[in-house]
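Below: one structure, written as structure tokens.
As written, the chains take the letters A, B, C and D, and residue 1 is the first residue of each chain.
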């Protein structure tokens, strides 16, 4: 089965082999687009998609995402980056330039509820998630068979609030061992410590089963039922040290009514959680998200 | 213009002239539907729509809404009610029976933002709101011309938090004068006192400009912007003494993104507020809502 | 794994062990609800959910679905049906009465695109599809491993338009062998002959990848792209001899824009197809659908 | 009331006083963004919003929309356009450059159903439609009072299929008299002749009450009811000589069920028609739409 998967992903990679991405964040001032686009043009790169956004506060900030086609990208990206450095400095840019075909390495953390994991695996098998799923880590054995059947390493790490530090030590070691670029909490259900989070700023994606900021914390479906809401939702966000307060990437909702008890809400919610998380992860993998002041700019 | 309106409403009334509605709430036990439907059948009434719901908690409660067709309803409803009394008592029912063609009298409270008022007036003119809009009360003059042009009485009652008691005294007098059945707060923006609210339990419908329980209280759009949500919403609910905590009747949302500032959210939100409030008022007028333990059962 | 699945389904079955369902379709006349509910009450059955609908055409037709709780249902359902027969006859009813815990036997037909099959399997494993998936039949081998890993029989039946009759002969034999109650075409991509369809009226559920009646027939995503629509959709319907013209059970859509080419539409559409088909199958399994004059009444 | 309206629109205009818009369509080739952005930068204009799209067909075509801030725009736009001409020629551009504060002149055509007209008027009064509503033309008198109360000229032009040519002659004269930039058919219900349409290519916006291409032509709600669809919709499109086949600008849908008869669908549909048309007109007014090969690119 591994072969089949690699085949589809491989096809996608090849399709994007000459594609590069540039992400820029800097103070707004005239001439940025001109400088960047002229730079790319002069180096023979063709802009195929470009999105920008400027905050209109006094201290306006400028954000730019460009996808470009460049035949020399596989050999000469580092050189292009060096040449761009002076421009970046003159505009005080925070920036990154990367190859679309370089797959990010994902670690998926999961507990006993597997619907979000299944969705990610399925989208990945279909070639829609351009990532390498490097490892799945869980404090239960439930996912083991499914994960290993796909040839993905599975690690059981016992975790609960009493042994949090010890568990995170093992987890961090695994993230290092597998050289992980981003962590997806696919209904992991354990709180991470600040020590863990600080090592991966804007790299840990969580799915919370409510339309935040409603129902922060535990048991959102039960509380949604008790409040008698007519919509339930799910929110995917980057994890920060404030529980469920990190930058929101994506949200969606579904309609419910008085006949739906907490169990029914949970069931309906699963479908929303799956698609919201899958979209958020996809956008992260495609470098479509910039975080600014606890909010996301999503160029999708 | 008054004539035109009455014409459309009058057409609707005539269409529903033989239609009655029965609302029942009682402890669940076998035989309720049998007793009620047999009663109606034996009195010559034909059930045209019937909805029921039973809570599945230990102390199960049973809710029923029936629309029936009865040729004698205009003359003999009181008699039918008397005959039903023994059944109601034997099942410990809270119940009501009414003619669909008896229009409820509405008072609409409004401030300076008129989009919700406009929507209600428009739906009413189109014959979709089966109500008599008996009076519009405002602490501003903004709506005066529009309201009076339709032949609806408009009353200016100065109101702010310093003169709340005095204002409410005038408002309550107007509600009595116009013999009001329900109050719609169409973006009224003033808090009502417990004294006011207790006189109209489950009769005051508010529209709050967020998907509750998110952003309870003031400035929800500003706070939604600051939180960086990807959806904004509106909630219509019955007013209780807990601010924005009353039984939710209807909610809806619209998608937004990082480019939408607080002003844009307000604009997008207006459309949601309008339709959510209009639906809630419609369901209230058609006796489709039962309130139970701070939640609504909406038979729509 | 088979054990795990059975466990969840078994739990659901036990939860519904005393639950019965009654479906009725007959000419409208006063007294039907009274007769039916009194019958159930007198036999000790308690109505827990009831939905009805009457067409308001001249020759009004009445439709009723009742879920009831009856402690004797596992032993005495046949007896209850016999007792109901006189009532059914007096109202000229088409009707059925069944145990919720009697799982329907499904055959799933599939081709190479597996997303719909996966969704059904996943919902089934989660205990949300109260069915026995008795067999999966395909004209490709792609699904074989996944299906057999769950302990479900998989049959390869070569099929294309040149050998249609021969293929259907084998398929019909399998349906008989596995004693199938309903067939789900989960992106099967082959047209069935009238001979096949007529043997299973309102028992074959298809998913078409457009919001019908738009884009009937082949290549709907390609044609949607060419027309420049801003929404794409999926439709689940019962199969009749008129291609894509059968009674619609469920539809849904997703927003797209000019950047989405035919390939992107296909990708986005997959998610809609999955959820639309899963809902339709669920409603069919729970006897929530009545077909009347090429339309469905869905009591959900 | 005229004063009030002008006040709000005036505020919006002032907010956009220095804003310009550039729309470009040309064969794709490297260097376009660089050339355009450098041109604007060198003339002292600051890009505040930029969207681009390239078709990925063999003969790739490039589309660009830029909003820029330029302090000299009110006095010197013509000069800027002249300076841009050589660039435009070298890339074989079809292009336009305009001031955001120059309000387009709209003619609204209406029949007896006024919900779409009301929505447009309301959005305009709220300052959301940056246009001058120069004239309303109708083949009925129904809208006269509402329109004239807002100080907008109203013209009755008798129209039906027997006197089409004569009617259009009068209408075209009015369009010329009022110097109209775009025509909105807000449920006008009359077919326009090729002669009329050809004089205003991509300038006539229609609302059709179905999700096209389903239910092209007359009575879409009735036909939707007969087909038993579970969704109804509305489509706004530019008018071409092929009935309901013009480039789609926007679509939306609402969920319905078996209880909704043709009349109910019409009622539910009204809300969709209103918002779909209002969005389409808004995007047209803000120069967000480019038509290419019977499709729209909407930069929203």
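In this text, a contact is a pair of C-beta atoms (placed from the backbone, for glycine too) under 8 Å apart; a residue touches a chain by one contact, two chains touch by 3 or more.
From a predicted model like this one, the values you see are computed outputs, not experimental measurements.
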| query | Among the chains, which one keeps its Cα centre farthest from the Cα centre of subunit C? | reply | D
| Chain centre separation (subunit B, subunit D; CA means) in Å | 36
| message | Just the number, please: Cα centre separation of subunit C and subunit D in whole Å. | response | 43
| task | Among the residues of subunit B, pick out those that touch two or more other chains and give their numbers. | result | none
| message | Quick check of your reading of the touch definition: is the inter-chain graph here a line, ring, star, complete or other? | response | complete
| said: If we count contacts the way the header does, which residues on subunit D are in touch with subunit C in the complex? | reply: 53, 56, 211-215, 227-231, 233, 247-253, 257-259, 261, 294-298
| request: Name, in rising order, each residue of subunit B that touches subunit D in their complex. | output: 1, 115, 118, 122, 126, 128, 145, 149, 267, 270-271, 275
| remark: subunit C partner, complex, touching residues on subunit B are 30-31, 33-34, 37-38, 40-42, 44-52, 54
